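The same chain A turns up in both complexes below, where it pairs with chain B and then with chain C.
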Partner chain A sequence: MISKTFLKETRELMRDGRVRIAFLIVIVLLGVAALISARQYKNVNEQYELAKRSERAIWDNQGEKNPHSAAHYGTYAFKPKYPLSLLDQGVDKYAGTSIFLEAHKRNEAQFSAATDQTGLARFGDLTPDFILLFIIPLLIVLLGYNSFTKEREMGTLTLLKSQGVSAWRWALGKWTALFFPVLIITAALFLVAGIVLSNLDDFGVFSWSSLFIMFVVFVAYYIIFINIVLLISSLAKRSGISLVVALCIWIIACLAAPKAASNIAESKYPYPTRQEFAANVLKDKKEGLDGHNPWSKQAKLLQEQVLKEHGVDSLHQLPFNFDAYRMQKGEEHEAEVYFKHYNYLKDQYIKQSRIYKGLAAISPYLPARFLSMSIAHTDYATHWDFADAAESYRIATQKFLNDNFAENSEFGQWSYRADADFWKELPAFEYNPPELGTILSDNRSNLFILGIWLMASFGLLMFTTKTI
Partner chain B sequence: MIITNNLTKKYGEQTALDHLELEVKQGEIYCLLGANGAGKTTTINLLLGFIEPTSGSAFINQLNVQENPKETKRFLAYIPENLMLYPSLSAVENLDYFSGIAGKKLSDADLKGFLAEAGLQTDAFGMRISTFSKGMRQKVGIAIALAKDAKVLLLDEPTSGLDPKASNEFGLLLQKLRTKGVATLMATHDLFRAKEVGTHIGIMKDGSLRQQLVAEDISLSELEQAYLNTMEYKELVL
Partner chain C sequence: MLSYNCKYELKLLLRSRWIQLLSIMLLLLFGFSIYNGLEKVEKRKRDITAAKEEVKENDAVMLKLLDSVEGGMEVSASPWTIPTSPMAVGNYHPRVAAMEPQSMAFIATGQADLFTHYVKPRVSGDDSALNFAEMTSPVQLLFGSFDLAFVIVYLLPLLIIAFSYDVLSAERESGSLRLLAAQPIRIQSWVLQKLGLRFFWLSILVIGSLTIIFFAVGLNPFTEMTGFLGLLGLIITYMLFWFALAFLINLWVGTSAKNAVALLGLWVVFVLLAPSMLNQLGNTLYPMPSRTLMINQMRDLKAEVTKKQDEILDNFLRDHPEYAINDTTQYRGFYHRYMASQKLVKEELAPVVDKFEGQLQKQQDWIGRFKWVSPAIIVQESLNQMAGTSTRDYENFRKQVVGFASDWRQHFMPFLYNNQDFSQKDYPNLPKFQFEQRSSASFGVIPVLLLIAIALFGLGFTVSRSSKKGNILTAN
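So, the complex of A and B:
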């Protein structure tokens, strides 16, 4: 009975001109979105590779130079574009692509794609994630809203009941008929994306297992929508009512809930303004050692302490350059200040994320979106991870430079120049994003909520169709 | 095959069916006559198990309908006044689906055989139902009953709206099913068709069965008179 109903429903769907047009539109949109994203991905990756190579070449070829001058000259940490961002661009567009690493200062990521766009970008981009997260659920609504109501309206329900139809088998037949075309479209997109990505040169951290898990997340997301749409159709008296209710659910789940979650999270745990943040950092910085100011109270205290430790009475008697040593100590103080203030931001972010996760119970969109972005390495967590890695690299770089300055010169010898080959000894910045296992572990609550949505909606559908 | 014992259905204070005692044996065609609201459709809906009786019981093939809703449906086929099928599917596809729902696995040849037996023209087998007339749809309904190998046929005003030729063809099909031993209960307004195809005729009014007649024992005019008497119609005086 399930296969008969599946075949019947599929035939009806395929013979409906509106359905064929809807399918065609979705497939064309997906194709265009995938093409645009693949081109963007290729361009960004080429730019990334070029920028990384040229910046390293500039660093390596600074020639003879004072290490602290080099620290101020700085370098860049570039955020790689990950293969699965082809499918879900997440917050990449807004998060910035590179961080300038310099002495005394932790900078934020800059040069985001959004800043290069005009106001028209507010209309949004045609990306695969837009199709996957918004359009396919809408397609499910359009395909399934009258699945049960049409039987009532056409009068076929009476004949079906007189034939002794088994309600759950019949409902399962309808369910599979709606699920199958959605599965085909999604599987085709992911398969094509997988083949394209695995054939790209230097495709980075692409893994079929990540792609497969992402596919499973989207399939689960669609199953939830199928369950909800069929549930509405089974309860509604007329197709018109069913369509309106299903569209309302789509609007709430996909459009209203994410924005409401964002507003609630932001109002409950707000970030400080840029000015506040900068003022707080400056205040804390001033309360500690400034590596460039030998006359400050903190610098004098440090001087006394170091002289005492080494049992000498002049800075010239120290076995290292005290200027560089002070610079490093100042750097460490500044790093602590930044650590404290960025940790506060991160705490706010974690609290906001908890609100999001809590509100995921009101919309399957939220857990699906968080999982998808995490797997694609395009979420804020990955961005934070990258920013932290860049900061650790900045701190290590400053120590590397200050140590060289301290060990190879004497107090007051600002004319010291490090060897032209010295710069090459600094290890290159490499960032490895979290592994799939870590991502899934960090997203346990999202997986759990998605699972609850999946089982509850299916159970409710089966329970309701029993009484048809 | 069909038995009702004191079958009663009430909606609040209103009695839709009042202690109906009825029996339709194998190979009989029982025609229920009556005005709108007489209780004909209620009787059929109770036999189908679509509604619960207030009191009394109905039996299909010796099984209580209320207690065995699924099992009793295995033995019966139902053709409503307006048989609605899936318009975008062909006659063969509709038959395949409805017989499949009833648990029958039939080959393409079997399906076509049933459609032919029901009197549908061969060139209509593959045509979409949306192009079918009501008479053609009713033939597909008969094919569904044939494919199901139904022992009981419940018909709710099946000839209403059919042209005389189609109505006659439908009557012949019922006769054919009768020879196969099918017990048929047909609710109708059509006295002529009831006399033509029925073996037994019951006249209902206000939810109760007022008269039971053997079709071959009476003429059409006697049936007409009996009907009018039951309905308490007065002769129209010009």
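So, the complex of A and C:
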């Protein structure tokens, strides 16, 4: 019975002109979106490589210079783009791509693509994730809304009942008929993406297992939609009503809930404005040691302490340049201040995430979106991770420079110049995004919510089709 | 016939509880979205006020310090922050360059969540160091905001679709169309009347609920009469467009479900696909130069400039002999060299920076030309303009701030190069920033939208399917 229903439904779908057109449109859109993303990916990566190389060259060729001048001159950390961003662009467009690493200051990532685009960009982009997350669920609604209602409308329901069909087999047949085409489209897209990505030259971070997990997430997301659509179809009296209700669910899940969540999250746990943040940091910085200010109270305290530790009574007798030492201590204090304030931001973000998770109760879109972004390394958490890595690198760089200054010069010797070759000794900034295992364990709650959706929708579907 | 239609349609709508349901939904949607919008505007105002307050407090401290120094007293501040140095004032006592919200700012978030509403330009650092991007979670930017514009552009058409997709087909499916066919009226006129009445009632509901919500949140729509009327005009013509589409689909397609699918397809095309495709095309035709490569260029230039600082300063002073005349000490320190090279960097970088502005402008123009493919784009853009949160408004703000930053720098140059101290009497002359709204909302799109809708209605009348096939009663 399952296979018969499946065959009949599939044949019916294939014969329906609307379905064919809808399918064709989705496939064409996917193709175009993938092509655009692939081009963009290649472009961005080329720019990234070039920028990274020339920035390093600029750093290496500074010539003779005081290490602290070099610290102020600074260097840049560029954020790479990862292969799976081909499938899900996530928040990449809204997050900055380069961080300026300089002395005394932690800077935020600058130059997000969205700030360089027109207002139209806010409608969304034609990218694979747009098709995968919005259009395919809509396709499911269009394919499945009349699955049960048509039997009622055409009067075939009575015929079926007279056959003594077991309801769940019948329902399962319909379910598979709806699931199969969706599975094929998705599998084809992921397969093509996998082949394309594994053939790229620089596919170092690409892994088939990540791609597969992402595929599983999307399939689960679609199964939830299939269940919901069939559930509505089995409960509704007319096809029209079934369609309208299913659409309402789609709108709420994919459009309204995320926006509402973002508003609620922002009003409950707001970020400070850029200027406020800077002012707060400045206030805390002032309370501690300033490496450039030898006359402050904290500087005097440090001086006394260091003199006592080394058992000498003048800064000139110290085995290192106290100016540079103080600079490093100041740097450490400043790093702590930044750590505190960025942690506050992170905290706000974690609290905001809880709101998103709460609203996932009415929207399976939310957990699916967060999961797919995480796996693609295009989510906010990866951005944080990158920013933190850049900050650790900045702190290490400052220590590297200050240590050189302290060890190779004497107190008051601001005219000291480090060798022109010295800069090459600084290790390059390398960033490795979190592994798949870490990502999945970080996203336990999203996986859990998606699982609940999956089971609950299955359960309800089984329950209602029993009594059709 | 029209009067009967009016009477029974209203009865029908009331008894099927459509009117009640729609009023509740509209009140909820408008209420929630306007509340969200107002909250954002309130925060924006609060932030700006707080920033201005802070500057005021800092100024008081600065004046006190100046007073002490001028009185010859010892002060405890770090030597380089003492405001007798003009560079200290320019760096540590910047003014707030703020973009105050427009009166209708709450209707559309537009780019308001992406860009900051106030910056404090300093004398050191260049214009690219002025970060105009606001500190927001990118997740929020990705999802967007549940504002009135979202309700109007995205949700209202869906309500219209749900409200009107089966006007004709439901009659056919329930068998009452045969009865109607016996009446002396053309089927197109009848559908038109029916849809016209629904349009009329929905408009009343929209106007009513918007007015109620406006009063409920403490806004008086009558003080902002032109804005409010413009908003209503825009909403109603946009609604008319969707009713016109519903009219066509009702006449041309068949069963209720097919109508709904067709209308939905149009919604996806106009609201989701057209804008993103247009944007993508704009990006492809006028691609933005790479920011990362711009950084490289900037760095190269700065490295070169640093090496030649002394030479640059000499050249600068040769170009500006006025700075060298009044100063007897002829002292030249870090800032003298720095400011002169900064100026050079800015001039050299100008073509690179202008390229970004130029490409953005080209993209804007491209969208301006092709936005007519989708009324959703037109309405969203108009709402953003009305709210003063469109890309153009922020571009405008950016330009004004860059201009102000240059004024600010310029103001301290004579002090710096003449080695003249900043004193209390110079305080009132500090430049101040006042944002000027340049683009005001234009309601020119309303008649165009109206024309499009009327043309669609006309199309329905002339090219109706019934004239081809002859039998609308059994059409499927």
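Everything that follows uses one rule, which is that the second predicted complex is superposed on the first by the 468 of 468 C-alpha atoms of A that agree within 3 Å, B and C clash if a C-alpha of one lies under 4 Å from a C-alpha of the other, contacts with A are read in each partner's own complex, and residues count from 1 in each chain.
One rule holds in what follows: contacts are C-beta pairs under 8 Å (C-beta built on N, C-alpha and C of every residue); 3 or more make two chains touch, one makes a residue touch a chain.
Since this is a predicted model, take the numbers as computed values, not measurements.
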May I ask you to decide whether A:Lys8 touches chain B, chain C, both, or neither, giving the answer as first, second, both or neither?
first
Looking at A:Trp170, would you say it contacts chain B, chain C, both, or neither? Reply first, second, both or neither.
first
Report for A:Ala51: first if it touches chain B alone, second if chain C alone, otherwise both or neither.
second
Can A:Pro319 be said to touch chain B (first), chain C (second), both, or neither?
neither
Does chain B (first) or chain C (second) touch A:Ser262, or do both, or does neither?
second
So, A:Gly17: does it touch chain B (first), chain C (second), both, or neither?
neither
One more residue to check, A:Lys161. First (chain B), second (chain C), both or neither?
first
Counting touched residues of chain A, say whether chain B or chain C comes out ahead.
C
By the touch definition above, which chain A residues appear in both interfaces, chain B in one complex and chain C in the other?
none
Which part of chain C faces chain A closely enough to touch in the complex?
32, 36, 39-40, 43, 47, 50-51, 54, 78-79, 110-111, 114-120, 131-146, 150, 154-155, 158, 162, 165-166, 169-170, 255-258, 260-261, 264, 268, 272-273, 275-280, 282-284, 288, 290-293, 295-296, 299-300, 302-303, 306-307, 356, 360, 363-364, 367, 377, 380-381, 384, 390-391
Over in the complex, which chain B residues touch chain A? Could you list them?
48, 50, 70, 73-74, 76-78, 80, 82-89, 93, 96-98, 100-103, 141, 144, 148, 154
Complex contact set, residues of chain A against chain C
18, 29, 36, 47-48, 50-51, 54-55, 58, 62-63, 73, 76, 78, 90-91, 93-98, 108, 110-126, 130, 134-135, 138, 142, 145-146, 238-240, 243-244, 247, 251, 255-256, 258-263, 265-267, 270-277, 279, 290, 293, 295-296, 345, 348-349, 352, 356, 379-380, 383
Given the complex with chain B, which residues does chain A contribute to the contact?
1, 4-5, 7-8, 11-12, 15-16, 154-156, 158-165, 170
